[in-house]
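Quick heads-up: structures coming right below.
One chain, subunit A, appears in both complexes that follow, with subunit B as partner in the first and subunit C in the second.
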Partner chain A sequence: MNGKRKILKFTFNKALFGIWILIFAAIALKNPSFLSAPYIINVMLRNIVEIAIVALPMTLIIITGGIDLSVGNIMVLAAMLGGISAPFLGAGGAIMITLFTGLVCGFVNGILIAKIKISPMVATLATMFLFLGLGRGISKGGSIYSYGFSEFMGNTSIAGIPLQIWLFLLLAALFVVILSRSILGRALYGIGLNSDAVRYAGINTEKILIGIYTVCGLMCGLVAFIWLGRFTSIKYDAGIGFNMKVITIVVLGGTSINGGIGDMKGTILGTLIIATLNSGLTVLNIPIDIQTIVQGSVLIIALISYAIINERTKRKTVVKINEKEELI
Partner chain B sequence: MEETILELKNIVKAFPGVKALNGIDFNLKSGEVHAICGENGAGKSTLMKVVCGVHQPEEGTMSVNGTLVEFHNPMEAYEKGVSIIFQETSLFEEMTVLDNLFLGHEVSKKVGLISVIDYETMRHKANEIFQRLNTEMNLNEQIKNLGVAGKQMVEIAKALTFNANIIIFDEPTACLTQREVTALFQIISNLKKEGFGIVYISHRLEEIFEMCDRVTVIRDGQYISTKAVKNTNKDELVAEMVGRKMGSYYPKTETEIGEEIFRVKGYYDDGFLDNISFHVRKGEILGFAGLAGAGRTELMESVCGFTGHAAGEIHLDGKKIEIRNYKDAKSHGIVYVSEDRGKYGLITEMSIEQNITLPQLKNFANQLSLLDRKKEGEVGAEYIQEIGIKAPNSRFLVKNLSGGNQQKVSVAKALALKPKILILDEPTRGVDVNAKAEIHRIISELTQKGLTIIMVSSELPELIGMCDRIYVMKEGRLVGCFDREEVTQEKILALELESERV
Partner chain C sequence: MINKKALTSEAYLGLFLMLILAVLGIWAKGFYSINNVISLLNAYSYILIASIGMNMIIITSNIDVSTGALISVVCIVIAAFGKIGLPFGLLLPIAMLAGVILSTLNGLFITSLKIPAIVATLATTQIFQGVLPLVVEGSIYDLPASFTWLAFDAKLFGMIPLSLFMCLIVTVVFILFMRYSRFSKKLYAIGNNRTGARLSGINVNKTIVQTYAIAGALFGITAVIIATAGQRVTTTMGSGLEMTFIAAVVLGGTNTAGGSGRIFGTVIGALILAVIAPAINYLGISPNWSDAIKGTIIIVSVVVSTAKYRKRKRKLCMSAE
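Up next is the complex of A and B:
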């Protein structure tokens, strides 16, 4: 975006970074064992990585002013269908089925939203229940177990760092570039700010929307392996809370729920903050109900600081422009 | 006897970094229509916001109906009899006419212990008001189902429910057709006869000479003059508004007109367009006149492929071409600039250069689809220079530009596509006199460079001043075509109205 917007983002990301350091330092001071690298990598980061990966495409979606409430349920459904088919079709078949399930679920969301013009919240609320119900029906309410490939995805380390964290780093770099530098990224901001103007520029907005919801579904398929491998089994209700956690991270990262404003780096910082809180508060033996309250409070603090920074930047902008108008 | 009902003395209003109003004097008598003229940014809207209590002035006094007043919010102004009818209506789309009229001051009656809205009385009052306005109105209609003119009528009626005796019209005709304007003027002159004082703000100077008794000019927040309309003329007003003499109002330069370049044959879209055929020659400016709803915008959008369901043929350079969507149109060099730049034209939260490159992002990206921001900046700077967009640099956000400069960005965005045929829909709507003249100059220069322009406009003087030929549209059909030499406003109007009766 333009210069001023950059300063704004920079400032907000800096504030987020400050919040993260503060939380991190406070927890580390209370309990120094938190600072060990194995703990940070194998517990703190490994526990958030599924949510973190889905938050990447979710950021694209929210930038366009949309939302996807069904991601957790897509993940569960994809993991189940893969797990069920693994004994019959082998690893190759299970991989295909898992990814294909994610792809199709995301595509259905995209069609409902882009072609049939159902509001994203309503459309994905409906598919959320649809996928939840399908998952329950297929598994008959029972558990579906991990198999070779998901075992591998969830529990392999390369150079001392879990495979899924490498995967996240790779995808994060890719999504940062897509949003900030590519044609698609520009179009996504445009759709969030003024979808009609993008359409009138001759850009196929429907295709773009279907594309990002489909990619989001595909990512849900990808994390399905990791989740299943990490927990060794999955039940239909495993995705409960997942949807909201993904959205929380994106919003915490400064992406406006109305679309058009935000960036991928904020989402990554948001991920770190939530990860630190989750693991850190557990290390401190703080009960789960208090943990939830703390998470809510941190989100509110971040949103308030975003509002303050935003307002201040706006005020500065007004003065600057008036000065310029006098020059003209 | 005429009495002064509104008097402003030495009004000063400052915003951080700028003095928006600097010593404005103004007075309004009962039974007069008093125009306020000035360029965009001259301070007209700020002044009116002071009068109706949205802004509070730093200095100066204001008296209404003989008593000194200070308004802290619009409700206080309403209660003292000052009503404003904004350019964009402030009505609630989903509510009915009746609910909108009395919103915030509903009539209530007691039923037992609770007070309920007294619809009977409200309905009675509303009918009375619409009778006074000589208009038929379904009180149960939702606002969203009314046209622009209908909404305005509700706004006027709403002002009357407050027993206002001062009514401010802010650009009331900006979105109206000629016929609706005539109806509005009838209402204004009735109000005037009833003794209302009316403040009238408009960019269209013709209207001021048609409608108003006195005119006050302000420029850059300064008071310039107040005159009786019959003692002044258009050139004098324009000169006072811009602070210097302007040469020609419509600087059409004669260009060489070449061969036929573009032809539309038998265009048909159910309910909108009926068997439309027209052609345009290279270097020509072709105008489309018509009332709102005549189908001009629909025709242009259809030709450009925005609506996929029209039937008909398009020929470019003698060859038949297919346009299924706007991408096809762009690739053939047919480019459209929408009438509503805020809604369809620009992304105001983005920078000038980002808006200019939006329709052709592929040309600003490498093989990996990554954007080359330096190249974007260069093109942005090039067009700022070429079209004369007043902005410090091309990274400036469009929302911080004036209406005229925003319109220039719209034009720049189209020109950057290097079009053969440029379709401009209402290119000067809502821009001030100065910017208007500049846009007209740009259009003239473009045709000299061999560009062909199709221009849709609701302002007849603009069409007559700028175009080589003018088609007149009516209810989805073409009803006439005039050459530059023979055309007059009266001829076009007569055609628009006559064919309506058929």
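Up next is the complex of A and C:
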């Protein structure tokens, strides 16, 4: 029994890895210039890193059966408040304000969802309008420009690799450990599978939920520097497509939108697949519209295969938790 | 008993709406001019028609985030037909048919593959959005007068736009339909308890696909009103609208968990959303704040209705003891 389960889990992420290698190889064969290291690092990875960083906490949220539709708008609002305050307060003040904005926005989401018990989709849909509207109102519909620190975050390289990729690697490692090696991670799966049972087991689910939505907001604040630095200016509607892109990556990585099933490594592989598709299709001179279709199709294919696999995995996960407890 | 019945969430919303309208009557000079009211009601009619479809989908505890992209596709389809000079009488059925086909695809996708509705429609959004620019380059323009007939010439008694009349018919039909038809009972049953509904003999999958098809027809009507407003139809006419429709439904007191909600709530919710933008304009506040105000109103109304729901539930538990 034990061995069998291990093989299944192993093949699941490996299937994603295989798909990634396949796409990568196909594009590299068609156009060898894609294979150059500077292109892969500076274009392929650098273009997706904001989405990738937010996808990490989003995976935690979706595993608890929740969702956050407001991430892109938190990011834009945080970047704007930071950019506006930079001339008055200096870099230090701007950094504080950006991170604090993200933190507060995430905290508001968490309170609405965990304390007031509004369904996550409705709550974050409403705050999406609110954050979008605040950004629009504060900037009066205009652009907010980049400042010293955000430029540093967006355009610095350490040892030939952009700073934001180092940051992503660090955070990815941290989140992998949190989800798969900590008590908190275990509780997150539990909340996704059966929230009441976890609460009766003596875990403070409200605190955990508020915590992960707040962390998600904080990550949006962090990403705000990178985004602003990379594009030098930001408008209120910049975050609209961002929300769905983040969710696409998480779902592509095998996390079930119903909660309880998912894996951080899957999310990272999902990120790589989307990154490769995006920049690979650009290298092949395929227009952006077809890229959208390809992304949608990849998502559909992934969904169909997960729909089949998830049914089985769900049963196995329940068995696994039971067995773990028996062992303890 | 009467008291309890009068204080539904629709009643609260209605009171809130009247408050807004009264404030506007006092402070906003010229808000009740005929031109402004008619342009407001025109926007209201297309929001409401699609929101009714969205409401039916949400009652079955599904959702559709592809509506905006779907409406864009339908807009382009009827613009292509309108360019040949087809009259409005043919454009409307074509739009409804296109809406039904695309929305049925969504429904089939959700039911036959057992994919959660939000993810499935997220994927179809990308496909709808991606296909459009391949077929059309940017926009279809220089459309003939027969195409914009609905927006400029179709007036009842010389002033009431036909679109408003269409909206009225759709609303009345669906309020009656959702109250008295056997089909609507199935929707509530599925939303409340899917397995229970299946065990009591309802063909759940078929009903959900039918719901998406009906909603698709309504999205088609909305697309006609949006597309015919001008002589140029772009490929992004509907993008982002789905959030407005969902917001109208949620504001109207429908729980996204499914199984509850009335069309009448959506009627008021959509009107509140439609009033906000022009109201802000007439109150002298910058239009840039309209989204923030929309968001605040949605949050407050959802918080209030959730708090009320929990209070009622606690009361029920206590009386049971």
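Assume the second predicted complex is superposed on the first by the 298 of 328 C-alpha atoms of A that agree within 3 Å, B and C clash if a C-alpha of one lies under 4 Å from a C-alpha of the other, contacts with A are read in each partner's own complex, and residues count from 1 in each chain.
The rule is short, and it goes like this: a residue touches a chain if its C-beta (ideal position, glycine included) is under 8 Å from a C-beta of that chain, and two chains touch if they have at least 3 such contacts.
No experiment lies behind these values; they were computed from the predicted model shown.
In the superposition on chain A, A:26 makes contact with neither subunit B nor subunit C.
By the touch criterion defined above, A:260 reaches subunit B but does not reach subunit C. After overlaying the two complexes on the shared chain, residue contacts for A:125 are found with subunit C alone; subunit B is out of touch.
Applying the stated contact rule after C-alpha superposition, one finds that A:202 touches subunit B and leaves subunit C untouched.
In the superposed pair of complexes, A:35 makes contact with neither subunit B nor subunit C. Contact with subunit B, but none with subunit C, is seen for A:193 once the two complexes are overlaid on the shared chain. Within the superposed three-chain model, A:170 lies out of touch with both subunit B and subunit C [touch as defined at top].
Of the two partner chains placed around the shared chain by superposition, subunit B is the only one that A:183 touches, whereas subunit C remains out of contact. In the three-chain superposition model, subunit A touches subunit B and subunit C at no common residue. Subunit B contributes residues 15-18, 41, 306, 325-327, 329-330, 336, 338, 343-351, 354, 358-359, 361-362, 365, 368-371, 390, 392, 395-397, 400, 413 to its touches with subunit A in the complex. Partner subunit B is touched in their complex by these residues of subunit A: 1-5, 177, 181-184, 186-187, 189-190, 193-194, 196-204, 260, 315, 317-328. Residues 67, 112, 116-119, 121-123, 125-134, 136-137, 139-141, 240, 244, 247-248, 251, 257-258, 287, 289-297, 299-300, 303-304, 307 of subunit A are the ones touching subunit C in the complex. Across the interface of their complex, subunit A is touched by residues 63, 65, 109, 113-116, 118-120, 122-127, 129-134, 240, 243, 246-247, 250, 255-257, 286, 288-296, 298-299, 302-303, 306-307, 310 of subunit C.
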